[in-house]
Amino acid sequence: MNQLWVTLRPHLPFMLDGFLLTVFACTLAIIGAVLIGALMASLRTSGNRIVRGVAFAYSDVFRNTPFIVQLFFFFYGLPEIGIYIGAFETGVIALSIIGGAFVSDVIRSGILAVDQGVIEAAKVSGLSRWTIFTKIVLPIALRTSVRPMGSVLINMVLTSSILSTITINELTGTAKIVASTTFKPFEVYLVLLVLYASLTYALSLLINTVHRRLNRAMDTGGAA
Amino acid sequence: MSNTPSENRARFGVPEDSMVFARGVRKSFGTLDVLKGVDIDVPKGSVACIIGPSGSGKSTFLRCINHLEKLTGGILLVDGAFVGYDLRKDRLYEVKDNELCQRRAEIGMLFQSFNLFSHMTVMENLIEAPVHVRRVPVEQAKSEALELLARVGLSEKVDSYPRELSGGQQQRVAIARAMAMKPKVLLFDEPTSALDPELVGEVLQVMRDLAETGMTMVVVTHEIGFAREIGDQLIFMDGGVIVEEGNPREMIANPQSPRTKEFLSKVL
Amino acid sequence: MRYADFTPYDLVLLAQGLGVTVGLFTLTTLVGLLIAALFTLVDYYRVPVLRQVIVTVSEALKNSPVLVQLFLVFFGLPAFFHINMTPFVAASLTISLNTAAFAFVIFRSGIDAVEAEQVAAAKVYGHSRWQILRFVLLPQAAAFSIGPLVGLLVNQLQVTSLISVIGVFDLTKIGNILNLRTLEPFIVWTVVGLLYYALAKLLASVGARIEKRLRRSVVWEGI
């Protein structure tokens, strides 16, 4: 154990950089995914069939193809059409796009799950469509969506490790380098696995807190 | 501008004191004819009770009154005016959303399932519509809400959330919420059907108090006792038409139609 | 051959890659479900120690990136235990365990859902715990589980694409090769993506059919 510590210690600052890059990339991508997801979810309620179809196809296609294929599509494809952005930017964009596909489904089912009776009660008291959406439907949908949204976000963090395949030295990328320079792949990857598990565990604690805060008012059926 | 009460009164022969006036109201869902010509007069300040078997179209009729459902045919006026339409040169035009909201605000409705806003406190439930629709200042809306809560006996629940209340309390809050809009008429769709038997009384008591203050009410209910005691008229619907109507006490004691007789024998 | 055009042989390559992907997916699904069933039994009979180990391992698998798991098995295990490990074995082992971890949770909640309402009733008649599992819980838990299970497998199919990173010649790896050779990324990755998409849709529709059938049989048993 002590031996392992001595071996790994010089590499920790490097891996800390990787960790911070993972956090940075995920933060950006989560913001992007929520924006894209909200947009797509609202497009899916559009009156125009084509708009609805496009929004549906978006989430269908990106949910049913591997992220690594999407990532390579953008990473190798964008320069072909004269778009030269760095690997990091490409990775964040790709992660936002696939995250947006999942987020849009979460938001959509959250909205559809709002009790029609409650919406009707709002209607009969004369509230406008906009007020009903922003003050009744959205807040209720938000509360029931915290957990499913949380698992999407956790999945995005886990998925971000794939960014290492396009030369981004985020957490997995730095670990790969440390594993090969120290000749201790087992120990390094085990530590890495524990690091990711701790990160997602911390995230799930945060999600639970948010869920409890938001749902103090509401009976959500006693979900643990 | 058409669709003014005075014009409609002259044109359709609406009585001066009419609050809800229906003539030949029809409603179909696709090929299913749910309402097949319903006529009703509810004078201001009176209580009309509608009874009838499940599926006879009672809810649909109530929902037509505040334009939750569009009419297929007939005339339906509240306080002498169409709710969801404007009448211009013999054609009915649907009104804009904004206008519909303003007109709906004058017609309160209570549901079997209460339908309180689950993410808001009792107080927030009560001031939401007054502030956004009637544009009452928040402070004023709050003090009005407190008065209403006192009337339904729930002053101490002002900061509770709906799930912390019993069904009977929730329905009383829902009634207070409807009253906060100062409606001309209140529609009740089986307000006590979802309640445990021991909670029915407290809601009926609140409704009784409302009736005594002269509130105009249209109540779909299975509480025959309530209809007999409070109702000014009793309407028996079956198969999308009104089979019989009249004074509740007389009708219950001596129903004319065999269908009414059969129905009453089941619910009494 | 750097800027080489597409050749008819590329179709053969793609078909081979597709075959490896489908083969490995099928293998890991069968093994994974089997392991998950064993895990579920251990959990159902509350086997001490083993049960805690299983729960911990499956939590670790669910909460870490599959890529890291692959690296751990493919690079880590051979270095630490001085054993041989081919990319295919490492991939099969990792994906099987990963599928098992998620399927275990699905099975367990399927059983919990049925157990809560039914076991109390069944116990009255003196059934053993095995009889309850076999005749009461399993048929209905299967119906409960099949929907989430199909969702999981559609997802695991995408996950298999990661085995290309440790050198298995699956569909994605073939995509890599064609991409580097032809420098036509849009065409290559669109075709590869479409193949995965078609597989996913096929899987989902088969799953929906099975689910329909299972649900029908449960309704019938309930009469």
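As written, the chain order gives the labels A, B and C, with residue 1 at the start of each chain.
Simple rule for what comes next: contacts are C-beta pairs under 8 Å (C-beta built on N, C-alpha and C of every residue); 3 or more make two chains touch, one makes a residue touch a chain.
Nothing here was measured: the structure is a model prediction, and the numbers come from that model.
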item	value
Chain located farthest away, centre of chain B as origin (C-alpha)	C
Core chain by centroid distance, with centroids computed from Cα atoms only	A
Between chain B and chain A, distance of the C-alpha-averaged centres to the nearest whole Å	47
Centroid spacing, where centroids are CA-atom means, of chain A and chain C in whole angstrom	22
Distance from chain C to chain B - Cα centre to Cα centre, in angstrom	55
In the complex with chain B, residue positions of chain A that touch it	115, 117-118, 120-129, 131, 135-136, 139-140, 143, 216-219
Contacting residues of chain A [partner chain C, same complex]	61, 64-70, 72-73, 76-77, 80, 154, 158-162, 164-165, 172, 175-176, 179, 183-190, 192-194, 196-197, 200-201
Partner chain A, residues of chain B touching it in the complex	66, 68, 97-98, 101-105, 107-109, 111, 113, 115-121, 128-129, 132-133, 161-163, 174, 177-178, 181
In the complex, chain C residues that touch chain A	59-60, 63-69, 71-72, 75-77, 79-80, 154, 158-162, 164-165, 172, 175-176, 179, 183, 185-186, 189-190, 192-193, 196-197, 200-201
